[in-house]
Structure formats: structure tokens, C-alpha cells
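As C-alpha cells, here come the structures.
You will see two complexes here that share chain A, one where it goes with chain B and one where it goes with chain C.
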Partner chain A sequence: MRLRSVRLTPYLFIAPFFAVFGAFGLYPLIYALQLSFMRWRGGSQARWVGFDNYLYLLTSPEFWSSLGNSAVMWLLIVPLQIVAGLGGAVLLANAKLRLRGFFRVAFIVPFVTPLVAMAQVWIVVFDQDYGLVNYLLNLVGLPDVAWLTSTAWSKPTLALLFLWKTTGFAIIILLAGLQAVPGGVYEAASLDGASRWRQFWSITVPLVRRSMAFLVVIQTLAVFQMFTEPRVVTEGGPYGSTTTAGLYLYDHINASDLGTGAANSFLLVLLVFGLSLVSVRMLRPKDEVS
Partner chain B sequence: MSRNRPGIGQYVLLTLLAIVFLYPIWWAVSSSLKPAAEIIASPLSIGELTLDNYRAMFADVPIGTGFLNTALVLLVKGGMTMVFCPLAGYAFAKYDFPFKNVLFGVVLLTLMLPTLVLIIPLLLEMSALGWVNTYQALILPGSVDAFSIFWMRQTIAAIPNELIDAGRVDGAGEFGIFYKVVLPVIRPGLAALAVLTTMNIYNDFVWPVVAVNDTEHQTLQVVLATLAQNVTGNRIGADFATVWGELLAAGSIAMLPLLVIFVLLQRHFINGILAGSVKG
Partner chain C sequence: MTTSPIGRRGFLKGALGVGALAATGSLAAACAAPGGTGAQPSKLAAPAASASSAKGEITIWNRSGDLFKVFDAAIAKFREAYPNVKVNHQAVDIDAKLANTLISGTDVPDGSFWDDAKIGGQAEHLFDLTDLIAPYKDRTSAYKLSVNTVDGKIYGVPWDLDPGLLWYREDVLDKAGIDPATLATYDDLLKAARTIKEKDPKTKPIHLEKTPFLSQLWLEMLANQQGTSLTDAQGKLRLDSEEYRRIFAWIQGAVKDDLVTHAPYLEQTDVNTLDNGQQVFVPWAIWWSFAPQQLLKNTKGKWRAAPLPAWTPGGARSGAMGGSSFIIPAKAKNPELAWLLYEFLCFKEPGYTAVYGPNDVYPGGLSTSIPSYTPAADPAKPLFKPIDALGGQDLWKVAVEAGASIPAAAPIPWWWAQSVDYLGNNMQRLMEGKMSPDQVISDSAEKIQKNLIDRS
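For the complex of A and B:
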């Protein structure tokens, strides 16, 4: 009797999790895959169309332009965030720093704020005619910039929101990586006469490579899924310049074109997976093989 | 980097960074307390303080309903995460049973998938179940996730088996061991999971905005996103200043609860964020 109850126990423990996970995680995933091979618009009957949805997307200029917009966002965000994150982490890593706790909290506060609220603050602050940023530019004699209403500036302005909100998070992640570096390593390097800059490049950077790879992977995922920023701030405009891959996917939902939407999401999965693999490979420490 | 005393330059740089991160929040909150016209006329100075923007905002959108809905979703959905994930994590960490690896493998497989993939099939599932515009729709999808169970398994695996066996010798039942031995030991991990879960549910926008399209069930973030539309709809020809005053008021009040919890529990928050990052 006792033995049987022990044998059943683990199944009872995982049952609630798998009931919910199966119904609202696995099932929709399989459903999405099936859907991606079907034509289903609005109220009409769904029918099997093979790879038509995928082919339609791969030959659609809008699809490629949404990927292009996301790629530009990635370029504006990820390299800058890694550099700024590493800089911030190095500044914070000193154990003798006063107010260290305060700085750590101050940097992470944006990460805790609701994105919708901050996106709306961005609308106000970056308004061309009455916004705070142009007001400050005018004070120092510079002309207005069309932050949210020109195709040249719309992407950098949204990228800035993303950077503002998540760079503190990057700093904390890299700081955790840095603190895993034994202090003795630097002392030995100093005794050998290595300059601080040299120490940074030959000790610090290689040792936080793993954290950097991790950051690149999750931020790649986040940038290609970016949805709330363009949805709230620019609604994808001007002229589609901020219609990111994530927002374009939402357009299919709005148009009740669910088969194409499902196909679009799987193309995104493949792309994000590929990009993550490449970045992990590039950032892998040199002494690790395969 | 830990041997030298930090120089003045380091403090200057850190202070500049802190200003960059904190100023937008300060500006939004302080501007929301100014008369609407002043936000545009003199964006930098703070003179007279007023709650007019808040009063107007409360009249224009059901932000109270938004807060209540978010609180309800947070309580039930967060509660499910906090019970189901440690329980399943315990089974995967400390028991051997047939199909264990297959089941856990399936969970891990979904760890890297973008959440956007599930939106469309979930929407169809909700309408098939007749759950469009219901609390079930807001609560059930996403109430357990691959990451939380993965993290709980890691945390519980670190508990020595002797501790669990000792509980068994003392005659505790299997669930009693989980409740009386395992849970107290992993309390810091649970606290971090709680703050991370709270943050994710409170700030979630993508799912609530597609799952619900009536005012009665809108969560706080969805109410926020409809504000500008409502202001211009309610008052034809409402000027920029009016809309902005209300936007800033709503944004400030929406930030407040999490910021207060964050300042009180910042150690757990930062641990949660760090632990959350083990994900990769």
C-alpha cells in the first residue's frame, strides 16, 4: 500500500502543472503548426493549402520589410546595450564603491516600470512640437527633430525606449558575470605589469563572454518579438518604418488571417533560433570545442 | 577591478547613468502633478501642484476597474504559478518515475519558443471554449510556464536527499515532506519567483490586449493603452496638454505599486532577475 502511493505520488505532483501546460501550452503549439498549413480568413471554412502561407510570406515585400525593420532595431539596440552594459557593470564591480546599492537599484528601476506607461511617456517627451526633448534642443539653439514622425528617427527613438528600459537589466547580468571573476587574477596581472586596459581586454571580456552570449540571445528574442513599443508609440508608422516583425504578426490577427499569422510566427521562430545559434557560437570562449 | 579605490570620475559616470535612468520617471510623475497647460509651457519648472490631471483621468477611463482586474488576475494566476510549479519541480528533482525524462524534455523544448507563436491558436481555443472576454481567458493561459518549473527543479535539486529522507523517517507523508521540509528550505527562491511572476503578470500587455475587447475585463495595461483615444473621444478638440496630463497621471499611478514593492523587496527582485536569467 505504502509503496503504491509513493509510485503514484510524482504523477499527482506534476498533474496540475501538466493539465494547464498541456491545455494552454502544448495543444495551442501543435494547433498553430497545423494552422500554418491552412487558409482561414474571417468566418470562412478552413482548408488545407500546404506551404502556400509560407510561400506567400516569403514572396511578400511587407514580410521582408518587417524583418528588415526588426534587423535595424537589432543593430541599433544589441551592440550598444552590450557596450553600455559592460561599462556600467565594470563601474559597479568595485567592492569599495560607496552607494553601490543605490546605483544598482537606480539602474534597474526602469526594468520594473510598465512598458505601456513608459511608451506613453515617450509619446509626450519626444513630441515634435511640444515635447521635452525638442524644448531642450531649442534651449541650446538646435532645431526641432521629428523623433516619431520621420522615417529616419522613428526607429532610433523606439530603440532608445528599449535601451532605457532594459540596459539596467543588462548591467546586472554582466555584473553577476564579472563578480564570478576571482580578484586574485587581477592582482597577478598587475604584478606582471599589465595595464588596466590590457587587463580589461584579456581578463574581463573573456570571462564575461558567457553572460554576454546569454544577453545577446535573450535580447535577440525580445527585439524580434518587439510589439508593445511600436503598437503604443507609433502604431507601426510613419510609412511602416516601425512595423516590426512582432507588430506585423499582430496585423494578421487584426485582419483575421490566422493561417498566414501562424506561418509567420513559425518563420520567426526559425529565424530567432538561427540567430541565437550564430551568436552563441561567435561568443563562445575559445577553449571550448563543439 | 576590485583592488583600486574608486576615483571621482567613476562616481561622475555612475551619477550620470543614474540620472539617465531615473529622470524620465521623475519628469513623468512631477509633470502629472502640474496644471496641464504648464506641462507644455514650462516643462522644466515645477510651480503649482494639482491633482486635476488625475481627476480628469479617473473620469475618462475605468482605471479602477483596470486595477481590480489586474489584482484579480495577479492573485489567481500568480497563485497557480506559485503552487503548481514548485510541486512539479519537486517531483522532477527528487523522484524517479517512468517517462520522467520525456515529460521534462517536452517542457524544456518550449522554453526557447517566442510567446507570440501561441497567441493565434490560443485565441481560437478561447473562442471555441466560449471564453472570449472572460477572466478564465486572462488567467489560465500562461499561468504555468516552462521557465518557472525548470527553475524550481534546479532550486529543489540542490536540497540534500538526507533532509528529505529524515522527514520520511519522521513519518511525514509525501505531501507533508514537500510542505514541511522542501518549501521552507527554498524560501529565497520562492520569494524571487514571486516577484518575477508579479512583475510579468502586472506588466503583461500582449495577451490581455488580444484576449479581451470589452471594458469590463480590461487589465490595467490595456486601460492605459486606450486612454488617449478615450480622452479625445470624450472631449472633441481636447488639446495636447489635456491628453498629456491624463497620460502622465495614468502612467504614474500605474508605476506606483510595482515601484513601491520593488524598493521594499529590491534584494529579492534583483535575485529574481538574476535567477530568471539562468533561463539561457
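For the complex of A and C:
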């Protein structure tokens, strides 16, 4: 009897986690998977349609267009954010920097500011007729730009909002990576005559690659789920040019097209998983490559 | 006991998979569970209790804002008539919550305010109110009944009617020597716009809407005026028709002649061009009355309302643009009491007077719509007062007479809002000169059929 209770005790300790995970994590996932093979609009009974939802999406120009929009956003955001994040981290890691505390706060404030409020500011600042940005352009003799209402500029403008919001987070991650690099490595390099630039490329960058890989994965997930920015600022327009994969998925759910929404979710899962895997492989430090 | 260690690579892969699943799967989980019984909608019978014996508590959902306060005051009047009915009146984000609540069936209110466009899509979760509305049917706007009817059954208590009107600058027309009474057709409107532009080339007299959603809602007003709508009662698309082609050709002509200001509804650009004299005509719903009352400064008092021009001589002088009704969910706990409230607000004089008449929120009365119940919409018995911001014009009379000419329509299909991605966007392309009327019709019809109707 005693032996049995001893064996059960560890399971009892971990049971709450599994119960909560099962109820709120695993069960909805399995249910959503089942739903992805059904047509259901929230009323009556769901109808089994096999792979029809998946086939519909895979042959839908709108689905591919939403992925294309997200891919362009990714290209506009992630490389730039890595560069800006690394620059910011190197800046903040410098103990001689004046006003270091101020810069740390300034970089992190957007990250903790509600996104909807920032998006509203974006609408005002980038308004074609009365926005601050066009006002400044006019002052130097440049014409108005349709930042939010032209298909050419809408994505870069939203990408800039995303960068403003999240680059502080990138700096924190990369700063943590930088601070983990032993100071002795730089000292040895200096003694060997390596310039600051050489140290940056040959020590800093390789040793924060793991942090960069983490950041790329996290931001890939975030970009492909990007929702609030296009929803609030452009509502996916003009002409669907800012309908990201996340917003396109939401549109199905909002239209009570729940089966297609679920199928869209799983296609995104596969895509994001694949992209993350590729990113990790590309950025893995060389000593880990077998 | 030995344990096999998880390699770093394996852990990373696993973490990636779980992270990706959790992140994107959480959106999928929001889809909820497939279920439902497929049962026929319930028919709500008239309550047997008298006003004094009706007893209980109801939860009523409404939009937040000024309208909530107006209904709050009207509900107080209801409680004078039904003292034993307690009303738990809640301000709720109805667009975000109501459909999901109806589908899940949990914490369902006893009644709710809802857009006419959304009622048809959720009819199976609502009480069939046909028998209850029958005594009032002959005295209710045909348009409102038609948009609340699915398969011959009425699912919403028709509340407001939002007639389209032609808003115009009286002073500008005076200077140009144009009598507003001569604007009988849309061709007359184009002619007047050309005359105004000749006198002042800076003007772009006619407002065209720049947001896809509102431009499509506006299109439906113009179509309703001609007795048609996006689909017929059987849900068959009728975009490829003479009526729609006529509207698109008119828009194209106005754009080609540089007679339009293409601006988003009452955003800064729109307000400025309304206030600086660039815009002279705004064919829009009655709720545009908000602009001169609240937003316009320089031109406040200079705007007037008239019936819309007709598409053909002698045709209808108005169409509906938007509108809301009240629904009673099939899983409501006290549906009979909710009906008593809505019957009071829509069909009883103390009720509709409390809603539309002068009140603390709107001292002159609620002038952004009119009642759809015809005894309440009597031109000789105004519920709201003449409006100073319209130079003292009796908007009530203009709106009520225009509202009486609105033709019946068809139930608004569940996918209407989604069709904006196709039709609303193509309307914008037409207004920007990037598409012809035929292209708008063929491209929109094909996409709506394939992506929305065929997947119903």
C-alpha cells in the first residue's frame, strides 16, 4: 500500500499541469484539427468535407496573396531588426555610453506600450493629407506619399510600426547574448592586434548567433501571425495588400467559416514550423553542425 | 534507472513544433466546437400575462455610447408600464460577442440590438417572431420586414429605418441658380454638379466613398432604390443586372468628368473638403445629419436634406442604407419578457417617443434614423425637432416621406460583409478609374460566387 502511494505521488504532482494542458492545449488542438476537415458555420451540424478546406485554400489566390504579404513583411522586418537590434545591443553594452539608462528605457518603452494605441498614432502620423510625415516632406519640397492607402507603401509603413514596437525586445535578447560573451575573449583578441571591427565580426557576431537564431524564430512566428497592425491601421487594405496570413485566418473565423479557418491554422503551423527550422539551421553556430 | 537525454537539436525541434502549434493553433482553437442539433428555430408565442402581472428579469444587450443612454431612458419608461420586469441593460461589443455567444449557447442574453445585415446569417439561433409581429406587419416598412425575413419567417423586431437622402449646400446651389427641387434624377444631379464646377473649378461637388465597406453599403442603398439587392430571396446573385450596371456607369461618368471628391467617410480629409466648399452633394443615409451637427464648423447651418434623385423618372426617391433591429435568442431564458420590451420600444407610442423624442442625450431628439413602424413615422407628428445645424430644416418630414418610398428588398446574405473584399474593393477601383463597370460586375460576381456562395 505504501509502495503504491509512493509511486503515485510524483504523478499527482505533475497531474495539474497535464490536466490544464490537456483541457486548454491539446483538446482544442485536436478539435481544431477535426474541424479543419469539416464545413461548419456555427449553426446546425458540421459536415465532413475531407480535404476540401485545404484544397480550397491551396488553390485560392487570396490565401497565397496573404502568405506573400507576410513573406514581404518578413523580409522588410526581420533582417532589419537583427541589424538594428545588434546595433542597439552593442550600444547599450558599452559601459562608457552616456545616458545609457535613458537609452535603455527609450528602446523598451514601445515594447511595453499597447499596440492599439501605437497603431492609432500611426494612422494620424501617416495620414496622406494631414499626417506629420507628409507635412515634413512638404517642408523640404517633396510631394505627399500615400503611406497607408497605396499598395506600394502600405506594407513598408506597417513594417515600420512593427519594428518600432518590437525592436526593443530584439535589443534585450541580443544584449543578453552579448553579456554572456566572456570579456577575456575580447582582451585576447586585442592583444593579438584585432581591430574593433574585426572583433565585432569574428567574436561578437558568431557568439550571439544563438540569440539571433532565437530572435529569428520568435519574429518569424510573430510576423506570420501579425494581426493587430493591419487590422487597426489598414483593415487589410488597400486592395488586400496588407492582409497578412494572420488577418486572413481571422477573416475566416470572423465570417464563421470555422472549418476553413481551422485548416488555414494548420497550414500556417506547417509553414511557420518549416521556416523556423530553416532559420535555426542557417544560424546555428558552426561548432554545432555535425 | 537510466534516462535517455534529449539532444539539443531534438529539444530545439520539439520546442519549435510545440511553439508553432501553440501559437497558431490557439487561433484555430478559437473556432470552437462543431455541434448544434440542427433543430428548427423555435416560434415565440405571445405572452399571456398582462402588463401588471408580467414578472421577471431580462438581460438586454446594446451598443455602448449615446444610443445606449437613449435606450436606458426608454427602458425606464418601459418599467413604468411593466413595473415587475427588471431589465439588466448591458453595453456590449455586440459585433465581437453576439455571434459567438449565440453559437456557443452560453450566457445568452434575452434580447439584443443587431445590424440587419447579420440577422439572416444566425437565424437558426433566434426565435421566429412571425406570429408576434403579425399584428404590426401591415404598418411596418416593407424594407425592414424583408431584411429580417428568412424562408418566410421573421427573426428580428424591426427597429430603425435609415433612408438615403441627398445632402446639399443650399448657399452654393442658390449662387449657381439651381433649384434643389429640380434634382429629380441622377442625371439631373450630374448636370447640377457640372454647372457648379463651371462656376467654381475648384469644386469636386459629389462625395464618393473611399472605404470599401461603406462604399458597398452605399451601393446597396442605390440598388435598393431600384428595388433590387445583391441577392434575391433564394440567395441567387443578381449583381449582373441593368440596375447595378446603371449605378456603375453613373459613377464612372462622374469620375471621368472630375465631379467627385473621393474621401473616407467623415475622416479628416472628408471633413475638410466638406467644410471648405469642395463638396456640395452628399448622397448618403440620414445618419449623415451627425456631420453638420457635430463635425462641420464653417458650413454648419448651410447644409440641407432632400430626397435622393431617382434612377429613372418617377422612380423611388430613397433607398435604405444600414439599419438595426432587435433579436431574441432561441436560448433566452425569458424571451416573452424581452418581446414585451421590444414591442414597447418599437410599436407603442410611449416607447418609440422615448427613443426618438427629446431626451437628456439629444435635447432635440434622435435624428440619425426614423422608426420603421409607420404610425410612428407620421410626417405631421415629428418625434425629433427641426435641426439648427441644417438651418432649422424639418428633417423629420423629409426623412419620413423619403422612407415611405423605400422599396422592399431581400434578406441580406450572411456573407455580405465578406463580399466587401471583392465588390467593395472593385468599387474603389471603379472610382479610381482602374476598372470598368463590366469588369467590376464580372470580377466581383465570379469571386463572390466561388468563395462565398458556393462554399455556403
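Throughout what follows, the second predicted complex is superposed on the first by the 265 of 290 C-alpha atoms of A that agree within 3 Å, B and C clash if a C-alpha of one lies under 4 Å from a C-alpha of the other, contacts with A are read in each partner's own complex, and residues count from 1 in each chain.
By definition in this document, a residue touches a chain if its C-beta (ideal position, glycine included) is under 8 Å from a C-beta of that chain, and two chains touch if they have at least 3 such contacts.
These numbers were taken from a predicted model, which means no experiment stands behind them.
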item: Clash or fit (per the criteria above) of chain B with chain C on chain A; value: clash
item: Touched partner set for A:265, first chain B, second chain C, both or neither; value: both
item: Chain touching more of chain A, residue-wise (chain B, chain C); value: B
item: Which superposed partner A:197 touches (first chain B, second chain C, both, neither); value: neither
item: Contacts of A:7 with chain B and chain C, given as first, second, both or neither; value: first
item: Partner chain(s) touched by A:225 [first = chain B, second = chain C, both, neither]; value: both
item: Which superposed partner A:35 touches (first chain B, second chain C, both, neither); value: both
item: Touching partner for A:45 - first (chain B), second (chain C), both, neither; value: second
item: Partner chain(s) touched by A:255 [first = chain B, second = chain C, both, neither]; value: second
item: Touched partner set for A:276, first chain B, second chain C, both or neither; value: both
item: Against chain B, colliding segment of chain C, chosen among 26-34, 44-52, 188-196 or 242-250; value: 26-34
item: Chain B/chain C common contact set on chain A; value: 25, 28-29, 31-32, 35, 127, 129-130, 217, 221, 224-225, 246, 249-250, 253, 258, 261-262, 265-266, 268-269, 272-273, 276
item: Chain A residues touching chain C - in the complex, by the definition given at the top; value: 25, 28-29, 31-32, 34-36, 38-46, 56, 60, 62, 127-130, 149, 217, 221, 224-225, 237-240, 246, 249-251, 253, 255-262, 265-266, 268-269, 272-273, 276-277, 280, 288
item: Contacting residues of chain A [partner chain B, same complex]; value: 5-7, 9-11, 13-14, 16-18, 20-21, 23-29, 31-32, 35, 88, 90-98, 102-118, 120-121, 123-125, 127, 129-130, 132, 135, 164, 167-169, 172-173, 176, 178, 183, 186-187, 190, 204, 213-214, 217-218, 221, 224-225, 227-228, 231-232, 246, 249-250, 252-253, 258, 261-262, 265-266, 268-269, 272-273, 276
item: Contact set on chain C toward chain A in their complex; value: 8-9, 12-13, 16-17, 19-38, 99-100, 102-103, 121-122, 124-125, 210, 212, 268-269, 272, 414-415, 417-418, 421, 425, 428-429, 451, 455
item: Parts of chain B lying in touch with chain A, wherever the complex brings them together; value: 1-6, 10-11, 13-14, 17-18, 20-22, 24-25, 27-28, 39-40, 43-44, 80, 83-85, 87-88, 90-92, 95, 97, 100, 103, 106-107, 110, 112-125, 140-146, 149, 174-175, 178, 199, 202-203, 205-206, 209-210, 220-221, 224-225, 227-228, 240, 244, 247-248, 250-252, 254-255, 258-259, 262-263, 266, 269-270, 273-274, 277, 279-280
